[in-house]
Structures are given as structure tokens and as C-alpha cells.
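Below you'll find a set of structures to go through.
What follows is chain A paired twice: with chain B in the first complex and chain C in the second.
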Partner chain A sequence: MQLIDRYAYANRLRNIDPAQKTALAVLVIGLCLLLNRPAVGLVATAWMGGLTVVRAGVPWAVVGRVLLAEGLFLVLAVVGVALSFSTSPPPPPFRSFQVGALWIGGNPASFSLAGLLVSRALGCAAAMNFLALTTPLMDLVHLLRQLRMPPVLIDLICVMYRFVFILLERMQRMHTAQQSRLGYATRRAALRSSGLLASRLFVDAYQRSTRMQTALESRGYTGDLRVLPLNYRYDARLSVLGAAVGSSLLLVWGFS
Partner chain B sequence: MNPRIHRLRGIRVGWGVLALLMMMGIHAAQARVVESANPTALGQDPLNMHIMEGFLPPMWAIIWFVVALPFWIIGLRQITRLVATKPESRLLLGVSGAFTFVLSALKIPSVTGSSSHPTGTGLGAILFGPFVMSVLGGLVLLFQALLLAHGGLTTLGANTVSMGIVGPLVAWTIWKAMQNRAPLWLTVFLAAALADLMTYVTTSVQLALAYPDPMGGVVASFVEFGTVFAITQIPLAISEGILTVIIFNALMQTAVNELRTLGVQGA
Partner chain C sequence: MTALLEMDDLHYRYPGSPAPALNGATLRLEAGEKVVLIGRNGSGKSTLLLHSNGILRPQRGQVWVAGQPMSYQQRSLREWRRQVGLIFQHPDDQLFSASVAQDISFGPLNLGLSEEAARQRVAKAAEQCGVTDLLERPTHALSGGEKTRVALAGVLAMEPLVLLADEALANLDPWMRLQLIAIFEHLVAQGKTVLLATHDLPLARTWAGRVVVMDDGRVVADGPPQHIFTDPATLERTGLDCVVAQAGNRIDSIDR
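And then the complex of A and B:
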């Protein structure tokens, strides 16, 4: 998590208007879903992975690792789509084999659907990764404010974003402390320690929120957390690239 | 193959196996990224079963958004009213959202190995009610999509329905129905365990609807899957329930004032 957040702040596309980056990601996700072809998904994966590495300067190892994890998960997830399980041998066009009393079978249609799902979801995931790895959450908050998201929600997101990291650090410290005292040595102890940890974390979170309330109120807080937006710039080259991505996806769709 | 599959012999289990594999897959895959990303952390693998970006066809993605929308609207209204009457609840809600997110990274031991879990949503539903929790759940899922590359934007509606609406609704209903009629630990246990179970059942239903089994069809894969899935998930839900009881008991001992301020009855 800290990995993605770190590159979101330190990449070469950081000061480009978040609206532009979001538009690109949404365009690719939309095209992947609507065109619905395996080749489109694969081309989209290559484009978005490439853009993240080449234009944003995120190391390819990082981009690859995130994408690989998603790919592994996907391949496992579509096994159920590709294969069917039954107690009797399935009729053709199913091709099947027997494991014990269980027949595992699949037909060409189910295999191609599985392939389509993997490539489509991978293309969408690559587009999401592009957005996540180039745009910090606070920039997206700025965008959401422009899109007229209710201010209460925006405040909630700001507070959450700050506290996620604070609480995570707290939790890791408590976990280390418990572990060094054999708190997770047995299953029973682990359950007890987790419960203690969660309850202390809750109290800590609660008390922090009241302290923060006091601190903010004493500085004139009326329920609006304002953050100065960066001076974002519009990147013409990214728009051209976006148009190239879009048209290449359409081309691939037309040819497949 | 996994030894569990032998136990399931004799039942058609297309989607059941899918779900199992998804759970194992996300553990294997996600844990690896997370560990290398953050070696000191407890593996921050998130709630272990979200539908990934791009996995649902557009029609189903939209349908689940439409289902989630009324809950979000009512929840937002309640939050706005809450914030107007009690300004301090603004920060409290934000911190609770963060707490839910962080708690999903906490691992608990279970029969099937250690696992992450959506404890926070059940607890949150007891504290704030199901509608507010649907909004918080949506935000938590947004964070998971953007900070962990887990879940997604087009599947946000579907994931909100399972984790942010069905789970909290179940927890809250049990909490309200059984309060003062059963021992507190039993109420908390059932609320958390059943909320957990129903979250997974909902996800499986969503998947079965979008991709019905070619041999069994939607309804068949529904029933079979529900049975099988419930069986494999029950141990996990039990651990979940026990953990929430431990958390709740610890809170009752050390944080009575905080709970009373939040309006938890019986505290």
C-alpha cells in the first residue's frame, strides 16, 4: 500500500491535471468493457503498463509486480468459468476427464469466455494501476470537489486518508509488541491478541478523533478541510497518447 | 488438487470451486505483493473477496450500482443530519472509515489458515447503523481500489452491495432483534458471523448471475454454490464472530465512555 502511495506522489506525471489522467483511465476501462474482445484487453494492458513505465517513470518491476498479482488472481478466478464440475459425464461438446467420482469438463465456448475475462479484466486493471500509481488520493479529492461530490463525503475522504496511515502504523507497532511477547504463538493466543489489538486500536482512533476535533476547533474549524491544490498543468502529449490508445483499441476491435 | 475438493465429491461445484480458488488466489497473489511492498507490515491483504475491475459485464456493473444507490442516498442524508446536530461526528466517521480499512488488514487464525476479514463492517453497522455504513463501506472500497489496486471502480457498486450493504444490514438486524433478549456475546457473535457469511454468499450470487454455469444454469449453480460455499465459509465466519466478541468485550471493559457517547445500548 505504501508502495503505491509512494509512486503516486513521486512520478513524472504527478503535476498533470488529475482530470486528464482519470479521463484516460476511464476511457480505457470503458473501451475494454464495451468492445469486449480478448485482443483489445491485451493491447490495453500493454499500452497502460507501458505508459506507466515510460511516461510516468514508475519502475517496471513495480508495475509488473502489481499486474502479475492481479493476473494470478484472475487466472485462478476464471477456472470456475472455464470448467464445469458434475457427477455424471457431461454431454458433447464438453470435453471432460474424471477425478474420482467427479467429472471436470469444459467446452470451447467456456474456454474462450475465460480467456476473454482474463484479458478484459487485465486491461481494466492496468488502466486502474496507471491511475493509482500516478495520482495521489488528494489530487483525486480535488477532482471530486470539481465534480460536485457532496462536501461531507470529501471531508470524510480527507480524514480517512490521513488516519489510514496513522492507524496502520499504530497497528504495526502494537502487533510487533505483542509478537515479541509470544502473543501470536498459538492459535488461541493469536485470537486473543487480535481482539485486544483491534479494541485498543478503536479506542486510540476514537481518542485521536476527539483530540483532532479540539485542535481544529481551536483554529476556527467549521467543518471544511481545505487543501491548496497544486498548480496542475495540462499535458498535450498525454492527450495525443490517449487518442492513440483509444484509436488503436478501436482498430484492434475492428480487425478481430 | 486441494484436499478440500475431495470432500465436495458428488456435488456439482463449479462456482464453489471458483470461490475457493479466488480466496486462495487472492491470498497467494495479494500477500506476495503486499509483503514485498511492506516487509514489516502484517500482510495487508485486503478483504479477501472483491470482484475485480473489469470482471463484471457492463450491464451487471450498472445494475449493482443502481441497487447500491438508494442506500448511499439515505446514508448520505443520515450523515448530513448527524454532522449538523453533532459536528464532532464528522471526524469520528472519517476515523471509523479508516479503522474499518485498517482492520481488514488484521489477520485472524481460522481452520482454513489465517485470513483477513471484514470485521469492521459488522462492528460499524452496530455503532452507526446500516445506511451510514453503506457510505463508509463504499469509501473503504474506493480506498482499496486506489491504494491497494484491489477491487475496482466499475465493480464498486457490486462490492458495496456485498460488503457495505448486505453484511451491515444482516449485522444490524440481528443486533436490533436480539438485543436484551439474548446474552450480549451471543448477539455480537451471530451478528458478526452471519454478516461475514452473507457478504461472501452475496459475492458468489453476483458472480453466478453474471456467469452462470454452462451445465447447471443460473439457478442450479446458485443453489449448489450456496450450499458448498456456506460449508467452506462457516469456519471462517465462526472465527470472525469470536474475534468480534473478544473486541466487543474488551471495549466494554476499557471504553465504556466512548461506547456510551456513540449510543451503544447495553454499554
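And then the complex of A and C:
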């Protein structure tokens, strides 16, 4: 998460209007879901991964690592779709093999369905990654505000986002302190220490939010976290690229 | 002459606490003063500061700003907090936004300024605190000293007449402390008043024009540093006698 966040703030598309980047991601996700062909998902993955690397300047290794993590999840999730498990040999067109008393089988239809699911989800994930790796949360919040999301929800998102990092830092410090007193020396101690850490973190979060309330009130807080909007620029080339992505996905769909 | 900020005979007891935190504390601050507030842990320094801008409401006593008795209505609180700025030891308690520029803009916007005026305030305060280069950075990627300066900019953007800092110099390296003290000097040169609550006795001795000593929820001594640090009764009462002799000697030898 910290890795993604770092690139979100330091990439070449940072100052592009978040609405434009979000529109591109939404377009690709929409097309992936509508156009039911495995090739569409694969082409979308290639496009969005490529844009993240070439246009935004995020290293290959980072884009690949994030996508790989998501890919592993996907593969695990579709095992149940591709394979069927039974205690008796399944009828054709299933091809199967036996492990002990268990028959594991699959047929061409289930395999191609699993392939479609993976490629479709991968295309959507690549589009989301593009957005996540090029757009900091504050920009997305700015967009939500323009889309008239209720201010209370927006304030909640902002403060939660800040708190994630504050608590993460605090947790790391407490963890180090526990380790230096052998808190994780045995499995038993580790269990106990992590429990203590979690409960302590709750108390800490509460106390910290009280202090933050005080500090905000000192600056005139009356229930609304109003801040200056950021300045963005519109990128014509990204729109052209977006049109190219969209039409190429349609083409792939038509020919497959 | 009317005082800029006057806290008169304040009494305050935290809910559920057996002893009062403030027990008749009185403090007057004039324009252009450099004040250091010292006292043991638990002597009531922080509680007193929380009364200075109406975060806490005294159970007895009255706070005056520029000769006006303060009320705790929402509207007068806003004006009050514009005039009296407060910063805290942990900048993470104050910085709620993931964007430095947006965090600094929070106070000015709460004052009801237009976006354009707020933008100017942000630029000015950022320059004053040397954080102009950090405006585009995410808050959680800053170092401790950078966070402290951003937190200070967030308060200075409201252009307070009095600035009170609760241990804001703790945990900073010597160079960063000097930077902050230079900022405080600059404020004083503009006719503003700066009060630092600190355990840093050498600072109290060399920087302050006036030293205020608290003990048991009361101001027990108040005067120029050379008087405070040579009065054995005060030193003994506040437990400062153990260090002042050494610190004083050291500074004397540097002075010569």
C-alpha cells in the first residue's frame, strides 16, 4: 500500500485532472465487462499496464508486481470454476484424474469460462491499477466532491486515509519496542504480544483522534473540513490514447 | 494598556480527576513579548494553553482578548481562534490532510476567506516557515521537522496576534530548532506575541524576555529570566534547582 501510494504522488500523470484518468479507467472496466471475450481482457491488461509504465513512468517491476499479486488471487478464485471435484468418475466430456478417493475433472467449457473470467478481471484490475498508481487519494476525493458526494463521507475518507498511515507508523514503533523486549521470541509470546498491540492500537487511535479534534478546533473547525481545491491540467494526448484503447478493444471483440 | 491576552484566575478540574489542573492561574500577555512558560510535568501548562483559545472552558475565571471578555458562542470562538494560534508537540495530531497545501488552507478557509485569499495566505505562511518546496508533497512522507514547520504554517496562515506553542520544539534537532526560533523572532518583530511552553531551560534563559513558572495549577513566578533563575525559592519549588545551576553556569561561560 505504501508502495502504491508513493508512486501515486510521484508519476508523470500526477497533475492530470483525476476526472480524465478516472474516465479512462471506467471506460476500460466497462468494455472489459461488456465485451465477453478473453482477448479483450488481455489486450486491456496490456494497454493499461503499458500506459502506466510508458505514460506515467512507473517502473515495470512495480506494475508487474501489483498485477501479479492480483493475478494470483484470481487464479485461486477460479480453481473452483475450472475444476470439479467428485467421489465418482465424472461423465464425458469431462477429462479427469483420481487422487485417492477423489476425482478431479474439468471440461473444455469450464476451462474456457475460467480463462474468460481471469482475463476479464485482469483487464479490470489493470485499469484500477492505472488509476491507483497515478492518482493520489486526495485527487480522487476532489473528484468525489465535484460529483456531489456528501461532505461527511468525504471528510471520513480523508481522515481515515491519514489515520491509516499514522497508525501504521505507530504500530511499527510498538512492534519494534515489543520485539526488543523479546515479545515475539516464542509462538505463545508472539500471540500475546500481537493481541496487546492490537488492543493498544485501539486506545491509541481514540486518544489521537481526541488530540486531533483539539488541534482542528484550534484552527476554527466547526464540523466541515474545507480545504483548497487543487489545480489540474487536461491532457489531450491521454484522451487520444483513451480513444485508441477503446476502439482497439472493440476491434479485438469484433474479430474474436 | 490593555493586554493582548489575559487569563484571569482560571480554575479547571478535568472530569474524574481528584486534583484541579488549574487552581487560580493568571497570565497577561502584552504585544510583542517573548515568553517562555516552564514548570514540571503536570503543573498545568498544557491545560492553561488549552484555555487560551477556548478549547477548554474554565469552571471559574475569565479570559480576555484585546480587552474583550471571551464568550463561548460559536461565532466569537471563531474570531478568538483567529487571534490566538496554538500549536502542539505532535504535528501528526494537527495535520489531518494528506496534502500539505490543503492542510495549511484549512484555517484560512474556516475564517471565511475566499479561495483566492486563502491561496495567498497559504503561499505566504509556507514561505514564512520555509515549506514552499513541500506544498505538493504528501503529508505522511515528511520528516518530523518538516511536519512541525507545516503545522506551524497551518497556524500562521490564520495570522494570529498571539502564538502559543506547547512543547513544539521538543524532538527537533538543534538546526531545526534554530529555524523555528528564527521564525518566532520574525513574528515578534512584527509586533506579535510568542509564548513557548518548554522544558528547555537554556532557551528560556537566552531567548525569553520573560519567564513564567507554573506549579500546582498556578503561576508562581513571572519575570525576566535573570530574576527567575536566580531566585532560590522559585527554583526549589519547581524542582528546577537541580539543573539551573549547571545550565546557568554553562550559559554564563558562553556569554563571556
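The criterion applied here is as follows: the second predicted complex is superposed on the first by the 256 of 256 C-alpha atoms of A that agree within 3 Å, B and C clash if a C-alpha of one lies under 4 Å from a C-alpha of the other, contacts with A are read in each partner's own complex, and residues count from 1 in each chain.
Rule of thumb we're sticking to: contacts are C-beta pairs under 8 Å (C-beta built on N, C-alpha and C of every residue); 3 or more make two chains touch, one makes a residue touch a chain.
Keep in mind that this is a model prediction, so the values were computed, not measured.
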item: Partner contacting more residues of chain A (chain B vs chain C); value: B
item: Contacts of A:223 with chain B and chain C, given as first, second, both or neither; value: first
item: Chain B versus chain C as contact partner of A:137, first or second or both or neither; value: both
item: A:185 touches, of chain B and chain C: first, second, both or neither?; value: neither
item: Partner chain(s) touched by A:65 [first = chain B, second = chain C, both, neither]; value: first
item: Touching partner for A:157 - first (chain B), second (chain C), both, neither; value: first
item: Touching partner for A:215 - first (chain B), second (chain C), both, neither; value: second
item: Chain B versus chain C as contact partner of A:243, first or second or both or neither; value: neither
item: Which of chain B and chain C A:149 touches, first, second, both or neither; value: neither
item: First (chain B), second (chain C), both or neither touched by A:54; value: neither
item: Interface residues of chain A shared between complexes with chain B and chain C; value: 5, 137, 158-159, 161-162, 166, 208, 212, 216
item: List of chain A residues in touch with chain C within their complex; value: 5-6, 9, 136-138, 158-159, 161-162, 165-166, 169, 208, 211-212, 214-222, 225-230
item: Chain B-facing residues of chain A, complex; value: 1-5, 26, 29, 32-34, 36, 41, 65-66, 68-70, 72-77, 79-81, 83-87, 90, 94, 99-102, 105, 107, 109-110, 113, 117, 120-125, 127-129, 131-132, 137, 140, 150, 152-153, 155-164, 166-168, 171-172, 175-176, 187, 190-192, 194-203, 205-210, 212-213, 216, 223
item: Footprint of chain A on chain B - complex, ascending; value: 1, 5-6, 9-15, 17-19, 21-22, 24-26, 28-30, 32-34, 36-38, 40-42, 44, 52-55, 57-58, 61, 76, 79-80, 83, 87-88, 90-99, 101-103, 105-109, 114, 119, 123, 135-136, 139-140, 142-143, 145-149, 152-154, 207, 211, 213-216, 239, 242-243, 245-251, 254-255, 258
item: Partner chain A, residues of chain C touching it in the complex; value: 50, 53, 55, 74, 77-78, 81-82, 85-86, 88, 90, 92-99, 101-103, 105-107, 109-111, 115, 118-119, 122, 137-141, 154-155, 158
